[in-house]
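We just call them A, B, C, D, E and F in the order they show up, numbering each chain from 1.
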Amino acid sequence: MPVVVQNIARADPAVIEGLAAAGVATVHEAQGRKGCMASHMRPIWAGAQVAGSAITISAPPGDNWMLHVAIEQLRAGDILVLAPTSPCNNGYFGDLLATSAMARGCRGLVIEAGVRDIRDLTKMGFPVWSKAVSAQGTVKETLGDVNLPIVCAGQVVNPGDIIVADDDGVCVVARDEAATVLAAANKRLAAEEAKRARLAAGELGLDIYGMRGRLAEKGLKYV
Amino acid sequence: MPVVVQNIARADPAVIEGLAAAGVATVHEAQGRKGCMASHMRPIWAGAQVAGSAITISAPPGDNWMLHVAIEQLRAGDILVLAPTSPCNNGYFGDLLATSAMARGCRGLVIEAGVRDIRDLTKMGFPVWSKAVSAQGTVKETLGDVNLPIVCAGQVVNPGDIIVADDDGVCVVARDEAATVLAAANKRLAAEEAKRARLAAGELGLDIYGMRGRLAEKGLKYV
Amino acid sequence: MPVVVQNIARADPAVIEGLAAAGVATVHEAQGRKGCMASHMRPIWAGAQVAGSAITISAPPGDNWMLHVAIEQLRAGDILVLAPTSPCNNGYFGDLLATSAMARGCRGLVIEAGVRDIRDLTKMGFPVWSKAVSAQGTVKETLGDVNLPIVCAGQVVNPGDIIVADDDGVCVVARDEAATVLAAANKRLAAEEAKRARLAAGELGLDIYGMRGRLAEKGLKYV
Amino acid sequence: MPVVVQNIARADPAVIEGLAAAGVATVHEAQGRKGCMASHMRPIWAGAQVAGSAITISAPPGDNWMLHVAIEQLRAGDILVLAPTSPCNNGYFGDLLATSAMARGCRGLVIEAGVRDIRDLTKMGFPVWSKAVSAQGTVKETLGDVNLPIVCAGQVVNPGDIIVADDDGVCVVARDEAATVLAAANKRLAAEEAKRARLAAGELGLDIYGMRGRLAEKGLKYV
Amino acid sequence: MPVVVQNIARADPAVIEGLAAAGVATVHEAQGRKGCMASHMRPIWAGAQVAGSAITISAPPGDNWMLHVAIEQLRAGDILVLAPTSPCNNGYFGDLLATSAMARGCRGLVIEAGVRDIRDLTKMGFPVWSKAVSAQGTVKETLGDVNLPIVCAGQVVNPGDIIVADDDGVCVVARDEAATVLAAANKRLAAEEAKRARLAAGELGLDIYGMRGRLAEKGLKYV
Amino acid sequence: MPVVVQNIARADPAVIEGLAAAGVATVHEAQGRKGCMASHMRPIWAGAQVAGSAITISAPPGDNWMLHVAIEQLRAGDILVLAPTSPCNNGYFGDLLATSAMARGCRGLVIEAGVRDIRDLTKMGFPVWSKAVSAQGTVKETLGDVNLPIVCAGQVVNPGDIIVADDDGVCVVARDEAATVLAAANKRLAAEEAKRARLAAGELGLDIYGMRGRLAEKGLKYV
């Protein structure tokens, strides 16, 4: 029953690049406020902002065997996404796996479990978003799946979906919605630019967004 | 019933500045070991040390409308303090709201919920202490209150109370106790200076504080 | 009943230095995947990598008296390890205690509770691994024990055991196993070096470790 | 500085009885959706539904001395409410203290910490709402306060406020709002009775509350 | 964009009944160890064992409007399944909604949020599996979706999937796998019956399952 | 390296029986306030009160193989105690294993992980104290140890130590201290009996324990 799906569809690299530039918060809003993984998914170092195609991994607790299998499926621009089949903090991934993944063009790892060799990964510039940092080791005894749909930190991830990740966390964009979402994100960014200038000049959001009438209607009292 | 209190009393700016310089741990001790918010309130970037007058916000889960309302109430030197009416991690606040708040002289945000646009806020030097980092968006549908007393991370905050915040977390000082607390804090800092020199020279706290007698009395055995 | 054990055995300083250089993940694997403290033990600043002999402290919740007692027992190269007798986040330790500990050659603190004065400790270069950052103060009313065996963050720590700590967390090595563990760690590091080069060159772990046969045997299907 | 306030005002016993009968959810709604303690406050046995005047206790972590002090302040119909000064799970209260409290007419205990002797308390019919069950013992070394305002599980409790507690948790009603809240609660109960009959007969809330128009206006699509 | 899908496919009632009889643990194993919701989903009263077709609800934090909408979509034998769009403990559901749902043949509620009126729901025999018990009220301001796929407590739930729930928690069975899973579950139950008798007679699992050889091979030593 | 220790020493059955009768809170106090497992260890059904000799199990996350091995080591009056090598909620144990364990005279299970088949275990009267209830299944691939010392829920458990468990949780008594602890527990129970009567008659703890002087000395003010 355990399966590795080898040839998955990926989104247009230019779209992926655009989503990376827009960042998590903008992309999340642009696609109708969906796709954010749970807030316990934190970067191991600050400042990374990436997007890539998801190679999905379902792995048993405390067993990192399928990471080795998944790395063979990586193409340049991909991001590994691992969800354990039950909650687990073990350190599934460290500097050797990162070396291997980087050699194949991998842009990062999203893992709802633990990661280790933090100092090395930071030096290598390999970004990871994880639920925990832990040196606790794993075994290689039980199979899982590569490139089947998974649920990671509360979000469905299909293989080939676009993962956008930065200091705000991780957001998933469905592959077939990527271009539309990018367009909406760019529109949003442009609109924000104008607003930012007005806000910086001291104008109030209450006025820019015309909120005063509706606040009064709802019954807000100033005393 | 939702209310915005417009003119709140604030403490003497010189006192507020003094409390900022003393920092959270010293202020907390100086006022009799009270006022510390829960330890899940963490800074989004390291190194900020501020104090300011609290503009308090009570907001529904997942609704950041009242932040827009509160920003109008800001005066230079204020700090926004938001408590949701039930536990929530959503990202209520990002770079646009920060731009607006900074334009009005706001010194920071304390929020028992989520915040986003971490990278921008860090670049802008706008400090935030929050329970979570999350890009999950909010709506603007339900009213709350501005400048009523709230409970934030286990502490009562009255509008105009002094918020002291640094890498150790957040401490609240009642407005009418601020001057007394500052005096006690400064006394404490002076006393610590002398002790620090003796400790650095290798003298033991057991001797400096004269603890040996009481330890023996309580029954401590050396073997 | 409360006791301070004064003369504890320590491991060979050269072995301790070797373990520090190997780091937490390698040491943990080298001793058969044991000894890792729970992943909630996090460094207050990034980049420290130390090892030292454990001075163990059992302290009541909210009472840091025994830290003063323990500091007298420190010798150069030691690490303080404190476990509260019930879960507690209070800030047991700050810059004054750190000044005193450093004056006696202490290399760091491991505490399953809170710590404060983060900014000062960072400037001083004193490393701490803790469960929380909190300015909440403590009292000095109730005795505990120094240099009896404790359980800290899920691991037994005997006085004189070697504590290895870095950005991945904290690992405990039994004193009488230290030399053996170091030998195994060094062997492991050497082996990893060769593998790292091959992985960096694009070779797959599946091939280097000869995993393909066993994966097929277990029933992994490629589709 | 530690203080025991001896003579506190209490609400009208008939009002308190009415609030007990209304229960937590109704009272919470009737007072404008406020006053609910955090949902980690759970009853140790199911089925109790009580209301009483709060005797408030602020106690250090792991120290139950002030419970003995507070019991002297109890009058028939009171409820003990304890908040530790920092998070703590120790078992502050057991069957002996319950025996003493019951002898003085106490109706229950609300404690944001631990409780023990669960089986005995259940047999005695003494209700407790707590954050934890734990046999971990406490000391009697450090003072706290009785009958000063506290924050317990996210809510301000003033001495003499009315505590309403049942299987849904705990709600606080300000003493001077008690009569008004009771009136609103009773009105609400009456209104619910009529709705319950219509809903039981199969009528839809969508129709009873006239929601269809507003749902359509907001843009809800049926497909 | 918010949508209500009105006519969803449901599984064969006889299959659903069979899955209810098999229970969560057996069904989970029978379908290849998948489908279990996170262990924080707990029943509000012990002893219920049900299965039904999922009516799925995606709702904003603190807003229960879509529950009213979903109830209209219920048919006899259905189970309501609600996931908030961000973590929330509010009490979305109480006795009035339960009255309405029961009037339409609803078999229970699965909600990764809070529920209230526990005592009434228990008396009514309406089973709920939830993340929290909380009286904290909700508003009716923001739309969500009914009968779109959701992620609830770590599992994807499609409308019409079969929800199996008992004291062990909640398991999801894909609608088109339901018959196959039931067959496997029944086979498993039959096999367990025989084993149970042998185990009760004192025979060891080591012998019944023939584990001794493989244990020795893996290197287990008896000393 | 994985090991099963076959012949462990056990305490006197009469002493074990006495400790069961005394219960967790009394035993914990009688041995100097130590030995309590963390408060997340909860009984799956209320009312059990047992003591027995520990058969200890160290098992990998998500792998219950060693439970089968451990059951062979059980003698009448033993209690199984399992700690996973990293945090795990999987359901390691259910009704078949319970049937087998009961057939060998096992008195219960203490497991810092998950358990399933709650309803069956309750009917069988087999008591379990666990960290979670979960139907999530396990594999049988990786070895662990039986009857080596473990750390379970914060406490060291040596094989043959006495486990005392009731509705308050779980306490560990070292085998060679068992008789002394029982004597102290019985003395404590006798002393409590007298105090209970006085407290029930309305006498205050303040007077019975003579606390008034020390409270005044410490500075408690009555206002």
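In the analysis below, a contact is a pair of C-beta atoms (placed from the backbone, for glycine too) under 8 Å apart; a residue touches a chain by one contact, two chains touch by 3 or more.
Just so it is clear, the model here is predicted, and its values are computed rather than measured.
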{"item": "Shortest contact path, chain C to chain F, counted in steps", "value": "1"}
{"item": "Set of chains adjacent to chain E and to chain F", "value": "A, D"}
{"item": "Copies chain B and chain C touch via same or different residues, half shared test", "value": "different"}
{"item": "Distance from the mean Cα position of chain C to that of chain A, given in whole angstrom", "value": "31"}
{"item": "Whole-Å separation of chain centres (CA-atom averages), chain C against chain D", "value": "42"}
{"item": "Inter-centroid spacing, chain E versus chain C (mean Cα positions, whole Å)", "value": "42"}
{"item": "Contacts with two or more other chains, residues of chain F listed in rising order", "value": "1, 33, 36, 85-87, 89, 134, 136, 142"}
{"item": "Pairs of chains, among all present, that meet the touch criterion", "value": "A-B, A-C, A-E, A-F, B-C, B-D, B-E, C-D, C-F, D-E, D-F, E-F"}
{"item": "Contacting residues of chain A [partner chain F, same complex]", "value": "60-63, 85-90, 134, 136, 139, 141-142"}
{"item": "Partner chain A, residues of chain C touching it in the complex", "value": "23-25, 28-29, 33, 36, 39, 42, 46-47, 49, 166-169, 171, 192, 195-196, 199-202, 204-206, 209, 211, 215, 218-223"}
{"item": "Residues of chain A touching chain E in the complex", "value": "1, 32-34, 36, 38, 85-87, 149, 151, 154-156"}
{"item": "Contacting residues of chain D [partner chain F, same complex]", "value": "1-6, 65, 68-69, 71-72, 89, 91, 94-97, 99-100, 102-104, 114, 116-119, 122, 132-137, 140, 142-143"}
